[in-house]
Every structure is written in structure tokens, then in C-alpha cells.
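Got a structure for you, written out below as C-alpha cells; questions coming shortly.
Chain IDs A, B, C and D follow the sequence of writing; residue 1 opens each chain.
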């Protein structure tokens, strides 16, 4: 079981493939949350994210680790971008390796719900076009 | 709305990003089904897939198009590999662009269920190690 | 009409396709003819769907000699 | 103790952190002190969770002067 959780202030570059034995991984599910040009009805050029450093990574790690065990997945990676994220770029990346697709989909969905409840990261402001 | 469905007998190379306006896409969800080294309890080095060409693409297109409309997603791509697929490589790739994550996750999950019911593609044989 | 076999059905028929001249016929007549030629298919009939010209059809379908008919056993893609 | 403000709370406090010497105290005492300094936080109190040394704590938590205490407004990552 392998969990990787981190913040970055650069464009997100994910591992391209689970660094795991191919004996077990049958499903590789990835999600990117991208910044949309419209935020609350106005056009923006970027969103600025803020995190509570240390605690944010710890909560990401805790949440991902708990869901990995709950859904018996094999590995997961989450990268959240902090600072100014231009429209069209990813604010978050999540990748899950699992034996079968169902547990990977379940983990991903629950992870995103948990992220939006407990991980101390905020959309700080929208930068207008 | 954009749907791309195809078969390939080469390693799958997906579009790296939805070729869409960043004004709308807030979620980019991808799934790869990988060939596992264990198939029905024995070790294999590859799976061989067979398709009914023409009908397989048409069913993929129909299924993906119907789910895109149902879940109001923006674009989707599916690529299924045919022929010998070595262990660790992807037999299928699905990518979905949507405004929000929930409709993308729903589409992906229903698409895979539908694929395994209606799309004329078969695991033809497992090649032993 | 061209009759196409896929998946494990090819292990039974030892052929990927077959050409029949039946005139217009219903699915029972078609099935009877196919099973007469390949009796090993009989146990799988209930699990096999028919496609006519690359579209699934129901048991009420009619077939003509210019049709391409495929026997579709349970699929296993992905 | 160090008190950290995040998200829109920084727009109210106009500071990211504050150092208080309170001695051991409960969360009500802590809140009273913080709101005395930044009355604009009062309307948000019920929506704010407290973290002590980077762990969420409940309303029964006790704090000492070496703690790092964060006021966590509703998060909005992802």
C-alpha cells in the first residue's frame, strides 16, 4: 500500500503510471479538477488557492490512507496546487491504482467529498480577466 | 459535445487533455483498464482481445454519446485495444470532460457497465507466461 | 447471408464466417439452420444475441440473404 | 500560543497570525479572547473549526501557550 500526498505551487505533474507490480493493478483511475473560466457568474483568469501547510498534507494523507484501506486499493497519489492557478490548469490531481475499477471509482468519489469537508485548503480569491 | 470512440491494435495513446474550451471544463476524469498478470488463478503474459469491427466502434460511440447526453458531460474519448495486450498495458482508456466531477464519475461508471454488456469485444485467450 | 462467429464460438465452429442462402427467414429458421451445421452451438443459443448489419435485433427479426448476421456471445471487453 | 487565520478570516483580521499568552485555557476562553481582539469574527464562529498543532479538536479541547491553534473556516479545495 502506497500513499503519496503533496502540495505544489507549480503546474501539476503526476506520475504517469502506478509504480507498482503489474501483477495486481487492473484499474488506474485519474481525476483532474481544472479551473473554469467562469466563477460565480463572472469571467476570471485564475483562482488563488491557500493551504494550511503541514496540516493540509497531513489531512490529505490521512484521508487517502483511510480510503485506500477501506476500499482495498493498491496505491493512490494526490497533488493539490497552491497559489495562482490559471484557467484551464489543474488545481488538483488524484490517481488511484486498484485491482478492479469499482473500488477505485468509489475511493475517488469519497476522496473528493472528504477533501471538500476536511482538508484545510481554500479558494482565496478569483482573479478577474 | 464531442465523442471519440475507436479501436487500436497498438499501445493506447490518449489525448492528453480535452480539446475543449477551458471556459467550461472543470473536471477531467480518466480510466485505464490494465491487463493483470493473474487471470483466473494462473499467471499470464498477455490477453488477446477480439472485436467485431464496425459494430464495436458503433456500439462504443452510441453508448458514450447516450451517456454524454444523459449526464450533460462535455466530451469523452474511448480507445479499446484489440489483439495481444501484454500484462501491465492498458486494454481500454476512457476520458471524460465535464463541468463538475459528479457527472463525469457517473458517466465513467455507467459506461464501463454498459461496455461489459453490449459492446462486441471479447477476451479471446490468455497467453501463459 | 453472411453469418459471423465471434469469441469462443469460433472454437466450436472452427470458422469465423459462413455464407448461407436461406431466402427471407425468421430467427428460428436461421438458428435451426446454423445449429444443423454446428450442433455444438446449441447449448449456447440462449446466451447468444443476434446482430443484423451490425445492430442488435430481437427474436422477431427477419433476415434476407444480403444481411450480415453476427452471433454475439457474452462480451468481455475492458 | 500562536493563533493562525486562514481563508476569508484573513480579510477580517487583516493578519495571518497572532501570538497570545493565555495560560492553559478552554476553547470558550480562547474564543472570547480572539473575538475581543477581532469582533468581526463573531458571526463566523459557528462555522469555524479549531485545530491544535495541526489536528482538528472538539469544543472540549484545552490549549496551552506552546500550542499552534488554527481557525479553520469552511474549506474549498479541489
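Going forward, a contact is a pair of C-beta atoms (placed from the backbone, for glycine too) under 8 Å apart; a residue touches a chain by one contact, two chains touch by 3 or more.
Since the model is a prediction, treat every value here as computed from it, not as a measurement.
K.L.:
Starting at chain A, how many touch steps does it take at minimum to reach chain C?
P.N.:
Steps on the shortest route: 2.
K.L.:
Using mean C-alpha positions as chain centres, tell me how far chain A is from chain D in Å, no decimals.
P.N.:
Computed from C-alpha means, the inter-chain centre distance equals 27 Å.
K.L.:
Taking each chain's centre as the mean of its CA atoms, how far is chain B from chain D in angstrom?
P.N.:
48
K.L.:
Can you compute the centre-to-centre distance for chain A and chain B, using the mean CA position of each chain? Integer Å is fine.
P.N.:
Chain centroid spacing, chain A to chain B, equals 22 Å.
K.L.:
Give the residues of chain C touching no fewer than two other chains, as numbers and ranges.
P.N.:
none
K.L.:
Which chain A residues sit where two or more other chains touch them?
P.N.:
If we look for residues of chain A contacting two or more partner chains, we find 33, 112.
K.L.:
Run through the chains and report each pair that touches.
P.N.:
A-B, A-D, B-C
K.L.:
Considering the complex alone, what residue numbers of chain D touch chain A?
P.N.:
Chain D residues touching chain A: 4, 6-8, 51, 54-56, 70, 72-73, 75-78.
K.L.:
Which residues of chain A touch chain D once you look at their complex with the stated criterion?
P.N.:
Against chain D, chain A makes touches at 33, 49-52, 54-56, 58, 80, 91-92, 112, 115-124.
K.L.:
If you look only at chain B, which of its residues touch chain A in the complex?
P.N.:
Residues in contact with chain A: 21-38, 87-88, 90, 99, 101, 104-105, 108-109, 112.
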